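See the structures that follow.
Below, subunit A partners subunit B and then partners subunit C, in two separate complexes.
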Partner chain A sequence: MRQHLKRKYSLIAAAAALVIGGTMVSPIAAQAAKPSILIWVDAPRLPGAQLYAKIMAPTVNVKVELHAQGDLLAKVQLFNRIKKGWPDVVFGPPNDVAVLNNPLINDAMALDSLLPASTWKAFGNGNNWCKGADGKTYCIKNDLAQTVLWYNTALFKQFGYTVPTKMSELFAIGADLAKNHPGYSLGALGDQAANSSYFWPSQCPLNAAKSSTRVVINSHDPHCTRVTKALQPLIDAKVYDPRSPFDAGFIKDVGQAGKLVANIGPSWYGDFVLRPASSYAVKAGEWTAAPMPIWDGEKVNYSGEYGGGIYTVSPHSKFPKEAVAFAMFMVGDKRNLVTVTNPDGSHGAPTFPAYGPGNKLWAAKVNADTFWASSPYPAMAAQANKVFPGEKPVRYDTNGAWGAAFSPALAKDGNLQGALDAYATYISNLAQQLGYEVSKS
Partner chain B sequence: MALLEKPEVAPVKNRKIRAQSRWGLALVNGWLIFFAIISVIPMLWLILAPSKTDPQVTHRNPLSFGSFHGYVKAWKNLQFFDGGVIGQWVINSVMYTAAIVVIGTITASLAGFVISASKIRFKRTFLISTLIMMLVPPVALVIPLFVEMDKVSLIDNPWSVILISSLYPFGAFLSYIYYTTTIPPELYESARLDGCNDIKLYTKIALPLSWPLISLLAFFAFIGNWANYFMPYIFLPSSQNYTLPLGLGFLFYSTPAINPGVGATSVPILKPEIALAGVLVAVPIMIVFMVSQKRLVRGMLAGSIKS
Partner chain C sequence: MARVKKYKQRKTLMIVMLAPYLLLLLFLGVVPLIMAFFEIPAKSLTNPNGGFDAFWIVLHDFRFATAAKHVGGFMLIFVPLMIVFVIGMALMLDVNNSKWKKYLRLAYIIPASVSGAVAVLMWYVILEPTLSPFKMVLRFFGIKEATQIWQTQNLVYILAIMAFFAMAGNWILIQYGSLQSISTEIVEAARVDGCTGLQLALRIKLPLIKKYVIYMGVLVFAGGLQIFVEPQLLTTSVYNGIANAWSFDQLSYSLAFTTGDFGGASALSIMLLVPSLIGALLVIFKTDMFDEAKTPGKKLQGEG
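Up next, the complex of A and B:
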């Protein structure tokens, strides 16, 4: 009897253990199966990323962290040392793709197989920047910062100008301003704006990476010298300013004084440089954008880029599909592109989405904005697939070099070719230090 | 005559000396005032900048005052950055610094006492290693410390910064100098004869006589760690764990206020907001310095004169 009871209790205990074990194990198993991703973004992308975390909460654990873009490399190197800690997906500046794809760093994975061909196709040329020398795609472009011609319609009307379609026409306007309307300006050149607005669209080979180990830098290429020759007389005539477009003096003397007639600048220039009260504070209803003027003898009116962030996914990520899904939410989902509320009360993504379908959603937002004389969107769209592809991502800080070498040289004596040569020397040294073979052709 | 002339020489000489010393004093005072102005003007600018709007900061007289509403607005705008994370940075700075000051001061005082007064072996080795630690720049230890903190799972945990920063070799050395020069060894000997062990020696003899030292240690620990950027930067990747100086650097980099290259942003952080964050970093140091000034001078001079 005692034996029987013992066996009975043993069976009950075993059954109870199974039940309890089962109930304990199943949620743990379910929890383990729920993917977790760590996202690093900058401040403007934060509202969208937080919204994504909220939306995905039932199926994916999404942790969003702000990061200072300049710190990424140092932190990834520390993570490489302890072999953990890498964020799954990172938003960063355009050159990050080359920096992270460096075999010594190894923190950018090829994404080709993670999205269908139709999605890649929908980017058009918008994602060309992310293609490595091996033909694989190592990032997803968040936004395009393609240059367009911003111009003041009221001043154009007052001075009797027509919108220039050729660079020579723009420079003729500059010459006329110097002669008949002194004090009026076509913008400032003293930082990377000179590159994105003039040298890059002119196909000047300054960071023309041919492979991960070879780059062409030639400030005396005819595509560069045609820029310096055309702009130098206008710098001397004070139509172009050697200061940075963000220089407080330039903002006060030209931007806020209503002396800016036209300005080649990126697609975000309107909302974030021309319009804000703390910046140029241009009047409502006066400004809009036109497509880039074409250089004489060229077939395509190319743009350059000033910015245009990217998403990279770590090869150490356990959930690369979920990481890519986040990037696609940011570039293609209406909830981020149009609806999400930003800290300043505005809605949607701040800049021109690189992904075609996402871009169409965003267009309505720009077209509905009555601040502009007419919608600048058609000009932005016209230039979206015309960013000159010769400029490539490189592992050195090209933008910092504009500030470190070009701007001081231009400010010193206003000699544009001299300043460009100083920049070329600076980046040639940087490139060689990082193992690039530098050539002039 | 000679007797009459003699006393006249001395006043002339004295007048000359007095005139010379007046000039010297004026020169010294002028020099000090010049440096005081150079130091005070940036501080004044920093305090006044948040009262203005961004264009006013650039275009108006640098030392002009905007309005009190400017401070409120700048503070409200700072709240827009990462859901008001700056409040968390203030709390973090206070908590981390308080912990470091308490732990660092206690351990440094104890270490200095042990090296100077106890009878343990290898005291000289401890002293030399303390001096060596003072010479090693923290940046040289980044990788080993990072790996070490990872091994104990303290990356992105405030304790990584607190524990590492509490290692206070300068404090230990200062304590050693203090205990060696201020408290006569005979006092320890007498106490030992009365049955005191090392712990009692410290708590009953050394500690009550070393409050000036303790204030000095706490002050230097506070100054060194309140503004510390490097350690939190390395060990605390999440912005929720940042300290104020680290957050200030982050604001600099992430907004177009100081870094116009950021360009497109929808976060209303401009120069007045950055200046207000700077005030939050600087003001506690000023307050601590002003409050502890007298005590510090007393502490620094302790033991220097016989009386």
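Up next, the complex of A and C:
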């Protein structure tokens, strides 16, 4: 019996040791005189963040962690529960600001007082996305993913096209391709490409949040149906592809086959989709970008956005000033924007900086790039302040929904209005689930 | 006295041998289950007031019914296919007495080594017309673009095929093993009585391994109900969105990690536990699976 008890106790002891050992792993927070901040970024932002940590080493302890963006919300909720662990500043997708700036989550602080008015002014419209319904600024926009018209100058010359300034002119090119140059394409519409390139610039109300509790979703608004009506015949004529621009088949059949004539896409499209050898691998000296064509009858040639990340600062941060300073380094310092070395050997920030002064530094880098037929920068700059402001950050996953509802429906029968309706139904459900009142106008 | 001592020793030994399992069961099974239960009433974006409404909210989630349809369709194909095919193959393997048997057994086990992420990658390549080594076959059926195959409504079939190839081989060998435990005397007696090969398989062998078949049915059912990896990989890295919240487990994952609704995710997880638990209880109490180790043949012998 005694032996039995002994064994029992030793088991308990072993279990207790396990439990205690587990808690010992977390470090004891030492209140150092030197400020310390924890930064979470994704892979493209990592070289810049690591450089910042090195530069700041004498004055600020900067800890940089690579994190998976998808699970931020889940992690923050766990941190909220144990009341510690929040990163001071996080780079994330644009919608994060609405998700985090929710009373239940409460992990995005108002940043207005942390930077001088002149700095905020230098963002122009670039930081409008971060403005909450209460007029306060809850994030700092890293980059703009404004859409521009990417086009192949060699094919334009060969087919005798001029650069379209109106959407109707672009669609006329599409009709001509269908008739006289079958097989050539104006791009793929699957996933959120259709939104950032067409629905959003056309002011189609899909995630038009009017407040933190009301959103307008109406796929039958005339601003939406003018898109579906114009594009449907060109989808049927195979000028627009229902696949995703990242579909292996599309990359091979169209992108790499040199069949792409023009493609409305975000400012990062050139360096991330058109150019890489593993992607469309377009020829050097052929491509450049033009400003967005304008919808007939409109006054402004709006852009949409495909991505465009943000920095949020946790209200739990002990050093919010230092946290904001990091974000400003990323969007405004030459050492990150131009000189930092990336793992692939390239230099500088990969995307269009949202902050005016930082953007000027970055412009020189793009203008010096001889890959393009002419610099695509002027077109990007022309669109930078023209992202249609009706689309807003919302608490539900709008981008995931393009994949979940729109793409499968479009792939099924190529019916653009049907696919858009499927998307609208899906996000209406999501929005209601998260406490939004959904209306059509 | 000596007997009591011996009994105690045996008992201690039993506890020691069970301890690793019990610890794992406790920390990775029972504790998470209790935690999940207490997590349900937590406040979240979808359940702002908290409380056990979480069950109701999950049941009325607009993705719940479609997930049920998907998983139900998948199981209707996958479970019967597995049982019929596996038992059929095992019975045939048991009849065949040639020297090729060991190579056959190896051949069955190979596809089983391709599962999860690797299986997704392999089937993606096979069914993607631009990459497929079977382009000709796909062309013959008029399939030239991936969108003709890779559609949400086809996933029931694609995933059933994927899961079937990943799991059938192992189960064929397990059932072959259970057939091996049948006493040769019974088989020979049947033969002497003029039993044909088919009669032997269906009338003698099959009833003798019945409980193993039920056991397999329950495990395959529970496994199928919890399908997660394959559709999740497809939807996150192959065709964005093709299988978003396609299965119950994915819906639970999506609730927890995109909506941050731990309560709803816990409620769904506990609901999913019920059918599997019923299955397990059926195996334990309604079959003699876990009776004292008697092989079917021996038992019959004893009775005879």
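The definition used in the following text is that the second predicted complex is superposed on the first by the 410 of 441 C-alpha atoms of A that agree within 3 Å, B and C clash if a C-alpha of one lies under 4 Å from a C-alpha of the other, contacts with A are read in each partner's own complex, and residues count from 1 in each chain.
Quick note on the criterion: a contact is a pair of C-beta atoms (placed from the backbone, for glycine too) under 8 Å apart; a residue touches a chain by one contact, two chains touch by 3 or more.
Being a predicted model, the structure only gives us computed values, none of them experimental.
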{"item": "Side-by-side fit of subunit B and subunit C on subunit A, or clash", "value": "clash"}
{"item": "Subunit B versus subunit C as contact partner of A:N342, first or second or both or neither", "value": "first"}
{"item": "Which of subunit B and subunit C A:S244 touches, first, second, both or neither", "value": "both"}
{"item": "First, second, both or neither for A:Q69, with subunit B first and subunit C second", "value": "first"}
{"item": "Which superposed partner A:A43 touches (first subunit B, second subunit C, both, neither)", "value": "first"}
{"item": "Which of subunit B and subunit C A:G435 touches, first, second, both or neither", "value": "second"}
{"item": "First (subunit B), second (subunit C), both or neither touched by A:R395", "value": "second"}
{"item": "First, second, both or neither for A:A411, with subunit B first and subunit C second", "value": "second"}
{"item": "First (subunit B), second (subunit C), both or neither touched by A:W268", "value": "first"}
{"item": "Partner chain in contact with A:G124 - subunit B first, subunit C second, else both or neither", "value": "neither"}
{"item": "Superposition clash, subunit B against subunit C - the stretch among 93-101, 111-119 or 219-227 that is involved", "value": "111-119"}
{"item": "Residues of subunit A at both interfaces, subunit B in one complex, subunit C in the other", "value": "70-71, 191, 244, 246, 248, 252, 403"}
{"item": "Footprint of subunit A on subunit B - complex, ascending", "value": "53-55, 58-59, 80-82, 85, 142-143, 146-147, 150, 155, 233-234, 237-239, 249-250, 253-256, 260-261, 263-270"}
{"item": "Subunit A-touching residues of subunit C, taken from the complex the two chains share", "value": "8, 11-12, 15-16, 19, 23, 43-46, 48, 61-62, 128-131, 145-147, 150-153, 235, 239-242, 244-245, 256-260, 262"}
{"item": "Touch list for subunit A against partner subunit B, complex", "value": "42-44, 46-47, 65-71, 75, 78, 81-82, 84-85, 143, 145, 191-192, 244, 246, 248, 251-252, 256, 266, 268, 271-273, 277-278, 281, 306-307, 342-344, 346, 350-351, 399, 403"}
{"item": "Touching residues on subunit A, where the partner in the complex is subunit C", "value": "1, 3-4, 7, 11, 15, 70-71, 73-74, 76-77, 99, 102, 104-105, 191, 242-244, 246-249, 252-253, 395-397, 400-408, 411-412, 426, 429, 433-435"}
